[in-house]
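Encoded as structure tokens, here's the structure I'll be asking about.
For clarity, chains are labelled A, B, C and D in written order, and residue numbers in each chain start from 1.
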Amino acid sequence: MNALSFALRYRVGFILLATLLLASILVPGFFSLVTLGLGLDRAATMGLIAIGLTVLLISGQIDLSGGAVFAVSGIVSIILQPTLGIGLAALVGVLTGAAAGMINGWLVVRLGINSLVATLASMLAFRSIAHWITESQPVSGIDMMFSLAISEIYLEIFTLRSALFLVAIILLHFWLVYTVPGRNLFAVGSSAMAAEASGINSNRIFFSGFVFASTLAGVAGVLQALTMNTGSPVFGSDLTVMVIAAVVVGGTRIEGGRGSALGTLGGILTIASLTTAMEFQSVPAYIQQIVAGCILMLLVVLDRTIRTRPLTGPEVPASR
Amino acid sequence: MTSSRPALRMRDISKQFPGVRALSGVSLTVRFGTVHAIVGENGAGKSTLMKILSGTYQPTAGSIEIDGAEVRMHNPADGQKLGIRMVHQELNLVPDLTVAENVFLGRMPTRRGMLDRGEMVRNAARVLKELGTVIDPNCRLGDLTISQQQLVEIAKAYAAAPRIIVLDEPTSSLSEHEAGILFGVLRKMRDAGIAIIYISHRLREVLDIADEVTVLRDGAMIETRPVAGITAADMIRLMVGRDVSDLFPKAEAVIGSPVLEVENLSDGEHFAGVSFDVRAGEIVGLTGLVGAGRTEVARAIFGLSKRTAGTIRMRGQTVAPKSPADAMRAGIAYVPEDRKGDGIVPGMSVRENIGLPIIRSLTRMGWIKDSDEKQLAKHYAKRFSIVPPDPERRISTLSGGNQQKAVLAKWLAAKPALLILDEPTRGVDVGAKSDIHAIVGELVAEGIAVLMISSELPEVLAVCDRVVVMHEGNAAKPLMRDELSEEKIMALATGEGVQ
Amino acid sequence: KTVCYVTAADSHAYATPANKALEARAAELGITILSLSQNFDAQTGTDQLNTCIARRVDGIILWPLDPQAYIPGLARAKQANIPSILINSPMAEQANAFIKSFTGPDVYEEGKMAADSLSKALNNEGAVVIIAGQAGNGTTIGRVGGFTDRLKEAGSKIEVLDTVNADFDQQKALVASRDLITRFGDKITGVYSNDDTMARGFIDAWKEANPGKPTPPIVGINGQKDAFESIRSGEMYSTIVQSPVEDGKLAINTMNDILSGKDVGARLPIPLTVVTKENVESVEPAF
Amino acid sequence: MTIVSEVARQPEPADRFSRANRTLEIFARGGLPFIIVAVMVFGALSSPVFLTTGNFLNVLTSMSIVGIVVVAMTYVLVVGGLADLSVPATIACGAILSLALQPTFGTGGAFAVAVLVAGATGLINGLLIGYARVNAIIVTLGMGTIILGIVQALVGGVIVYGADASSGDFVKSRLFGIPMVVIIFIVVAIIGHLILSRTFWGRWTTATGGNYSAAEASAVPVRAVKAGAFVFTGIASGISGGLLGLTLQAARPMVGTGYEFSAITAVVVGGVSIIGGFGSVPRAIAGLIFVQLLTNVMVLQGVRTPVQGLALGILIAGAVASDLALRRRGVVS
């Protein structure tokens, strides 16, 4: 029983281990540093967005516009290069993400629109803006060598992005567990009314959450645009759903109040190593989909059993 | 005592909600170092007044002075800065945080910018101990029972060392024992010069602890008086506007054959080997300390939670309800203790709520027969004098007592043979309480068997024919009406009684 | 030898036969294909390029979904001495430095051919609508650009009423066409659709709105079976056959040449055939 | 029992419980129709073709396929099931099977089998969500991926064509000048509306969404009710997909892409609460009409696609926000 509940609690870890094990058997040289580094680099884009989304989901909100913000920020950071130079343009790109987050936060906090609906609408709008400013054509940057430089692999394994992602996730972990604002985030997500009654400004937390999430989507978008030296209005369209899946696989509850940074890391790594492994086997994309879908389902069903286990009694009314 | 400084002065407070004027021109003065009780019927506006005081609501009109200075609060945080803390009637806690985190929610201690968890847990443990309870501060709050959560809610306000503390029905889910400890703490706080506002429907408590009492009726202030020299009957007259004689009327009914027989019921977790029976026309009380497992027994009988062993017989037939629908078919009805959570569907009208369990019998080929449903709702609204008497009103706009009557109506419409009432009068005003007791009296007279879970000993003593006392998941042999006494029940409930 | 094939998708009407042809031919040539599907996401593709480089394959065949995004990856492949070629879709000029060849249909040329065909059908005058593919997609850009440039170049009097994107989707084309027909009604004297699937959508919308009335001349691209049917029945004027099988074969043959040290042309087009009622019986449909 | 009458109190003073502001209430209930009329007036003024029968038929036809899904999605939202994201997969299932199976089962048979399979998908969703109580977003997302993957694996990515071109004739035919798909949609909508508003199942659905535990404790078979909503979306998406397949006489695995968002958008723009417990089919359809008319007006104005998306996003947010504001002020909540 105890071993079982332990296994269930750290299920992401176990699934990740299993995936890695399987990958190492199927894929020759999977554990070579290069391969790992590439896998990590691939995980980084999703991971950066996932960090923002973890925070938002814990606070009980959701953001569907991440993929669109990703595209817009990337485009901005590319088209401004001739006028502002690469560094400044990148900064403006990230700020664009932050601004998008403010819009989302404003829709949800000020206008009181449900975040699913609000970000659905803003997703449409941001995506359209991306098409509008580029006239639906991809745009390219001024210096391709910079792209090569930025995707350089350091210490045989880290790229700029993947290092950034790992540092960010560790910071997030400490922030969530060991700081008061971090705990307040859980409080707001679990019961906004109770948190409010305890003097926590939940609206401010929601607002900052949206800004944080979009800023990170912006960072991811800018980094992606720089490494590809391209901004395109169609980038990131499948990203949001994948990221939500990864975060939820990591044990973050979509209704809020529960979640962890390390879980998200696990979720992201699982999905990344899974795709890498299957890709190495030339598994057709649709089979990859089936496998990924099954793993997602397996994890949430496990999640359900672990959560119903200690709570055989009635659900506690105050939790509603 | 009246010589001390006023802690707060609320002047001509009015509050308008869409469709309801909750308060009109209420004034209230509370002094430091006193306990000020507020009483009134359900929906009189007590909670609303206190939510205005604590900054949760803003008044439509009127002014508030705290410690001599006029203030304007926009949210609870403003109130807390002024030293005002409120224990809400509905629990206001965060289920996913630990007990300690809840106690210090909004003001967790830090060291070098980081959360000082050790300090927080130590302090929480200390506060909880002072309130006479042993709850693990590291436990997830959502895993506690309602009464434990209620204590955490009190601990939270207490730990903040407020200058003004508002307790809105803090004892509604506490046992007498825990309430006693709470009163001790409150007296200590009063003597330390804190202003305490105390709201309760239990007038005995008011007489016990309060120095002054303010009566509200229909959103207006009726009177503020010193408690010395006032009686419960006086208060009721002020609240209701006229005399209510017998608070706990005992209905006379002919007791028939057993309707429900429970044998050795266990759920492997909360209770074990529970046996008792309830006969037609009989009211059997099920009492005990908080967390004794009464609610779990009721839910198990009603098919809402699992059973691992034991048999249930209804009118001689063995039944094994796996869902409330099964239980209903067997003739069981259950009025849950958590009205807001399990009792009402807030977005639906009174009519739709009343019709819900038996909706299929109100249909022809799946089609709801409107007129039948309306008639049913009208009938019960009238019979139970639900106020306002319009069954088309959304149930969430009714006061607690009236919601409770609607929940009762909903189950009576199902024409059960056995009615299980879980804390049916919790948080219900004297008038409505009396109504509910009267209704129960009528029911047993019609031959229905009633199993009533209650933590209020006076109520249990007054209305029950027999009483089953539970202690830590075990049920003692039922006490007959003529051997009932508070001492005896308490002895069994605390585990000191001999079988 | 192992060749990495980064394909657009492995479940698609055009890509699937092209992939199959490529792999079949590779087997004949004794080349191992490591096939990676981008599933129509350029970002995935750029990551996959890195995977290919990491696996130190002998060559890369890339099906680009974006004119620029892959350039850094291709540059890295060049650094690693892995020869790359493009299949099916062109990329921006900057890419030329990093690729050995581009095999596949010339989508810009297709646009031009479509313009000529439609001009012929309309006697160089009239008003047409363009039903374009996905916005931002290289094929769409080429096919629309070639068409409009050609009209301008030839000084044609044909007016383009509107260009709408229907994402190569029949249903979207149907919806978009309904709106176009409502808006312009009889003003539409000709239609250019970026592929045959979307042309089908226009035909259905037309039949809905004007039952019994003959369709205006419609020009499509791809040469699908059902387009052939439509040409036979007169619902469509012409299409341009672009064979996925040829596309796939040409790419792997070219890669084989490169691997065996031969020089290859920088631009190797696959044959394109305009199909009208005249030659519909003599040409094989593409798929 | 004399005590009852003894303690019975006079009804509370009548002025304390008033009805909320009447005009606001009318706006709150009729806000969307009002906005729709505004869009129509604008459309009529700005485009000569807007008010033609042809255009209205277009709008109706365009909204019919997604409309069938909207009706079912309303149930999902009302029952508190958040949303069904497996719609694209089930639509693909319906479209592909109803064409691919024609040689084996004939047109009608293939359609029926397609709808059944789609319904079975919905049933799996329903069992996992209703009985295992797993989060709906995740289940439908996962199921959607799996089903789509299977469908793609089955057809190998190639377009599936109808075996018999005349099998689409029924769908394309008209009754009293109204296209058949529109009629099917209207029938589904009416049935959906009546079940939700007038039958015990509808009452159960609303109650389950309104307060799950209370509904459970009121002998409502909450699990089945919740599962039922997902079975309904499965079946509805199957029908939609089948109709789509028959209309187009061709189907690809991606035919259903975007339908889930369109459906959810329509339902929430219609003011159906995403938290559950409140909503009706007419409301959702009003939302659908609003979005469709808006798009139509923009298209007739020649507004470019990207700008349309922007406008749509802003208007959805605006419509939902104003609906919320009106409702908050107009009716006691």
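Simple rule for what comes next: a contact is a pair of C-beta atoms (placed from the backbone, for glycine too) under 8 Å apart; a residue touches a chain by one contact, two chains touch by 3 or more.
Since we're looking at a predicted model, the values are computed, not measured.
A.B. asks: Need the most distant chain from subunit D, centre defined as the mean of C-alpha atoms.
C.D. replies: Most remote chain from subunit D, centroid-wise, comes out as B.
A.B. asks: Which of the two pairs, B-D or A-B, is linked by more C-beta contacts?
C.D. replies: B-D
A.B. asks: Measure off the straight-line distance from the CA centroid of subunit B to the CA centroid of subunit D, and report it in whole Å.
C.D. replies: 41
A.B. asks: So the centre of each chain is just the mean of its C-alpha atoms; given that, what is the distance between subunit A and subunit B in Å?
C.D. replies: 44
A.B. asks: Distance-wise, how many Å sit between the C-alpha centres of subunit C and subunit D, to the nearest whole number?
C.D. replies: Result: the chain centres lie 36 Å from each other.
A.B. asks: Averaging only over C-alpha atoms, locate the centres of subunit B and subunit C and give their separation in whole Å.
C.D. replies: 71
A.B. asks: By the touch rule stated above, which residues of subunit D touch at least two different other chains?
C.D. replies: Touching at least two other chains: 152, 157, 213, 253, 305-306.
A.B. asks: Touching at least two other chains at once: which residues of subunit C meet that condition?
C.D. replies: Residues 9-11, 135, 165 of subunit C touch two or more partner chains.
A.B. asks: Among all residues of subunit A, which ones touch two or more of the remaining chains?
C.D. replies: 131, 136, 233, 284, 286, 314-315, 317, 320, in rising order.
A.B. asks: How are the chains arranged in terms of who touches whom: line, ring, star, complete or other?
C.D. replies: Topology of the interface graph: other, matching no listed pattern.
A.B. asks: Every touching chain pair, please?
C.D. replies: Once each pair is checked, the touching ones are A-B, A-C, A-D, B-D, C-D.
A.B. asks: Show which residues of subunit C lie in contact with subunit D when the two form their complex.
C.D. replies: Touch list, subunit C to subunit D: 9-13, 15-17, 135, 162, 164-165, 169-171, 174-176, 178-179, 182-183, 185, 197, 200-201, 204, 207-209, 224-226, 287.
A.B. asks: Write out the stretch or stretches of subunit B touching subunit A in their complex.
C.D. replies: Per the stated touch rule, the residues are 56, 75-77, 80, 86, 88, 91-97, 101, 105-108, 110, 113-115, 117, 141-146, 149, 156, 267, 269-270, 295-296, 299, 304-306, 338, 340-342.
A.B. asks: Using the touch definition up top, name the residues of subunit A that touch subunit B in the complex.
C.D. replies: For subunit A paired with subunit B, touching residues are 178-180, 182-184, 186-187, 189-191, 193-201, 257-258, 310-320.
A.B. asks: Quick one: which bits of subunit C touch subunit A in the complex? Just the residue numbers, please.
C.D. replies: 9-11, 33-37, 39, 41-43, 46-48, 50-51, 54-55, 66-73, 75-76, 92, 94, 134-137, 141, 165
A.B. asks: Under the stated contact criterion, what part of subunit A meets subunit D in this complex?
C.D. replies: 107, 111-114, 116-118, 120-132, 136, 233, 241, 244-245, 248, 253-255, 284, 286-290, 292-294, 296-297, 300-301, 303-304, 308, 314-315, 317, 320
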